[in-house]
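Chains: A, B, C and D, in written order; residue numbering restarts at 1 for each.
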Amino acid sequence: MKNFALIGSAGYIAPRHLKAIKDTGNHLVASVDPSDSVGVVDKFYPEAKFFTEIERFDRFLEKLRYSDNDQKADYISICSPNYLHDAHVRLALRVRAHAICEKPLTISPWNLEALEALEQEYGKRVYTILQLRLLESLKKIHLENFHRKDVAEVDLSYITRRGPWYHTSWKGQETKSGGIAMNIGIHFFDILLWIFGPCTESQVHYRDSERMAGMLRLERANVRWFLSIAGKDLPETCVNQGKSAFRSLKVDGEEIEFSTGFEDLHTLSYREILEGRGFGLSEAKPAIDLVHRINRSETTSGKQNLHPNLVQV
Amino acid sequence: MKNFALIGSAGYIAPRHLKAIKDTGNHLVASVDPSDSVGVVDKFYPEAKFFTEIERFDRFLEKLRYSDNDQKADYISICSPNYLHDAHVRLALRVRAHAICEKPLTISPWNLEALEALEQEYGKRVYTILQLRLLESLKKIHLENFHRKDVAEVDLSYITRRGPWYHTSWKGQETKSGGIAMNIGIHFFDILLWIFGPCTESQVHYRDSERMAGMLRLERANVRWFLSIAGKDLPETCVNQGKSAFRSLKVDGEEIEFSTGFEDLHTLSYREILEGRGFGLSEAKPAIDLVHRINRSETTSGKQNLHPNLVQV
Amino acid sequence: MKNFALIGSAGYIAPRHLKAIKDTGNHLVASVDPSDSVGVVDKFYPEAKFFTEIERFDRFLEKLRYSDNDQKADYISICSPNYLHDAHVRLALRVRAHAICEKPLTISPWNLEALEALEQEYGKRVYTILQLRLLESLKKIHLENFHRKDVAEVDLSYITRRGPWYHTSWKGQETKSGGIAMNIGIHFFDILLWIFGPCTESQVHYRDSERMAGMLRLERANVRWFLSIAGKDLPETCVNQGKSAFRSLKVDGEEIEFSTGFEDLHTLSYREILEGRGFGLSEAKPAIDLVHRINRSETTSGKQNLHPNLVQV
Amino acid sequence: MKNFALIGSAGYIAPRHLKAIKDTGNHLVASVDPSDSVGVVDKFYPEAKFFTEIERFDRFLEKLRYSDNDQKADYISICSPNYLHDAHVRLALRVRAHAICEKPLTISPWNLEALEALEQEYGKRVYTILQLRLLESLKKIHLENFHRKDVAEVDLSYITRRGPWYHTSWKGQETKSGGIAMNIGIHFFDILLWIFGPCTESQVHYRDSERMAGMLRLERANVRWFLSIAGKDLPETCVNQGKSAFRSLKVDGEEIEFSTGFEDLHTLSYREILEGRGFGLSEAKPAIDLVHRINRSETTSGKQNLHPNLVQV
């Protein structure tokens, strides 16, 4: 049994990490969040310590490090706002724990490189959650396309409704979340690179506060992509079914079904990590590099290769 | 259809208020919380505005007040920390909306009195959530005991496990929550007074950071009460069933069953309020007065009338 | 003797308000600031209450309002971040106190208009600090130019060094401070309008995160203006004297000396207000309207009428 | 020239550290404070970076550590609230900088011991500010009493007025400041131990939220001590002179004058540290141990050896 501590226990994604720790038979010693609305922890670990200040959480872990008892933290789960991820990974390594960090590991590629040096220095590992790579349907696509010789035509849409709160929160500030391409899109860019190989060209065709769209030339695919948090972009069928998210991946005109099997991907990710097959810095890097490049790009007014959704915007 | 705005949308109890607003066919125009982790609002009202600062929320409501449009707030739902309840009720009245406030309306009786004057001044009402009074099982007990001539012997236990986070949060600070008797106990003191009449004597037998116990002489009952947030006080049967809360009310040795029907009490409370049968300042007052008296009491070392649970502590 | 309460006691400008309250022989009952670093208050009013939450401050003032004692607040001094000014003015009016608010009264003209309605509703006044209008040297210029028939040629420069912290603070966020033209420039735009009459044309020639420059056609002057917080824009003579601010106002080529007499302008402003000659909403409006217009303007690439400093940028 | 970074730049004591860095000819690269009211830094280091989040400050220092440039931080000055001191010392050591920490280094002795292990681990030193030991008048007393064979009779009073804000701030919370004996008294307990030797007995005679008093038996003195932040405890002569603090140290009935020479003690402390004569963990320990013991003591009702001021309380 391993000991975990968790950063960001009042947040939206924390329950999945708590469940993953529980499901894999491990233990939570402490958590931290500036917000004290963390009753959810009780459901999983009613004995876990809690702190509202990162300094006190760190002190507690340091004491465990120096003590001989069996509460020493082996892993730190990180569910804080994106721009603090690398700082919290550093905290984990310093107390000599492995880090399991939500996506994106960092917003800026150079902060990712700094973490590589720290992995060496402290002798602990940094893992990230790339849960879509664990989805059976996408694993299959990955295998089918990994050795193809021709270039696929791919359309990707991800529309996930967010209300006005999104823009008020850290998620709406590009310096804190990395923007829509980073916060909403990173998983999709990651699987595209993983399935179709490295990027040779990238165009951004559209961006506003709720949407981004563009084109990628990957080794084995031309991709038109469209990301949106605007509820009005949801297809009518989706709205009628009371759904607030729509995912579509078309490869050579054929829709890839990957809407099921999402429930336990955090638990599965944890299992992989604990068994030595977790995704680390090198796996995280290509998508972070790509999104960083996308965020830095000018929007081109070219009208070729526009994503079909874009026409309606 | 009425317009609502909500204070405390990132908190634990907010979803029940959101659901009640939805279930009663009404509309949410805006919410506020210092924490921006409020994605839950999208599930109910994906168009609602959101603010992290009370001043900006208030400005927004003021503008609606002066505008002619149909978004003017009719009701403000208040789910903030206890010590801010009366301040937020004042905010509601000032923007000329009725207030629907979580329990306890105030920690100090004198702040309750100040609200009475404001109800007059602004011509709007202040409602509170006393949901246990709406439980069919307790309504029955109320009716059965309201006219009894003799004095019942009553034992009340409420044990609801809270982890270490409770003490770190505002709930663990007596000046912010009113302590265990106020934060955990107020509903129970309210129904005891409602069922058995006013209090003529109160003793406190025990208090620590996780428990309180005492005795009340009410008009129609002698009550021994025990409140606890310590997991280890839960009965073994409860723990074995994976439950984290235990409620027991015995009247003349007979256990009153009231563990079911809790699900929709907030919706029911809203329905009562909207139909003119809500509980207001006068209904809230007796229990707040009593708990305030309990909090101010010395702990007596007397060994009579001790609650049976207390012997085991 | 009048009673004051103050919002923003941990801030940079608070000591001048505290001194003004003291110098005019009045009393401070309470102050509020989210930061608790307010030891400076002791120097002036060691008995004043202090709060870190606006709700508790407001509750305290409400209680005084309802009490009969002689501590009832007559005036609220407001030194909070710009974007909260109008919210805090509203707080003042609601507790039936006059407001004395730092510049700019509001960032957006429509929020200023909302305050006019509230002045009526609550029967209390809103004052602002336009201290440059009280400077003897500028009063003289005002009188000399008020009735002139021709059009003066005016150059205005205000360079006041701010370090990197400025951009991290609320002052660096345009939605919170109104940007450089509002935060640094409002006083200068106010005196220009006051001296030379209303604006008929405005051009913005340059803007970056540290500077703005442009041209105004006023009734009685053509003005080239330059505002900067970049230390490297300071004239060498200024730097050599260890000064961090440079002000220059040239009317028809003649330098107007107005670098002295700044010390007690807050006290003087308070004295004017207390004697019924304070500046109110109508005096604040023209400069806020103008800066709002400047902030909304496109930067024109025209090369005419450029401020001489701009050539060096 | 050495590079410094500073934690707590918006606080009361920061300007003395900034001045000390400047006076000793050194450089400030960055500072951090949750409050953004840090304009004071411009007066000393207008180029210094600023952060409101400790994680971002830490990231910045880490990057400097890995870079080759000459901005690498050599020293971190720590002026944060007492309960965070040791966490911030840890931050300093981890980025491989020496720490210069305000008093008290820690509130709890065991946290001090944890720092000793970290000094070893990271090979950097922890210094504290014990400025009274640098006062010429007290150095003289130290030398005169260090070898005395008999036992002196000593009375110590320190009364320093603090308004109601003190209790609202972190200073008023014992878990954050260590209480009056720690926050106000630590310097005095330090010099008493330094002059008169180790403590063999300690009694606490009085404590309320504004005062503490007691008796110490040291190797070479019996000490009656009195600490107060209540303005009404100030001697009338003091009040008449407009002073808000009163210090009195009587040795065998003779008043020791030590009210002058306080101005530049931070600069002097920095000079000592930079020249290898700074006070470290071992010098800080005795007073922290003693105050911790005082804070844990029961108040004795004994009427012997009461401090004369105590009689009037």
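Everything below uses one rule, namely that a contact is a pair of C-beta atoms (placed from the backbone, for glycine too) under 8 Å apart; a residue touches a chain by one contact, two chains touch by 3 or more.
Small disclaimer: the values here were computed from a predicted structure and weren't measured.
Listed here as common contacts of chain A and chain D: no chain. As a whole-number value, the distance joining the C-alpha centres of chain A and chain C reads 45 Å.
Rounded to whole angstrom, the centroid-to-centroid distance between chain C and chain D, based on C-alpha atoms, equals 39 Å.
Along chain C, no residue makes contact with two or more other chains.
Inter-chain contacts, as defined above, occur between A-B, A-D, B-C, C-D. Interface residues of chain B, counted against chain C in their complex, comprise 53-56, 58-59, 62-63, 66, 83-84, 86-88, 90, 94, 111, 114, 117. The part of chain D that touches chain C in the complex is made up of residues 10-12, 31, 34-39, 41-43, 45-52, 161-165, 168-171, 231, 244.
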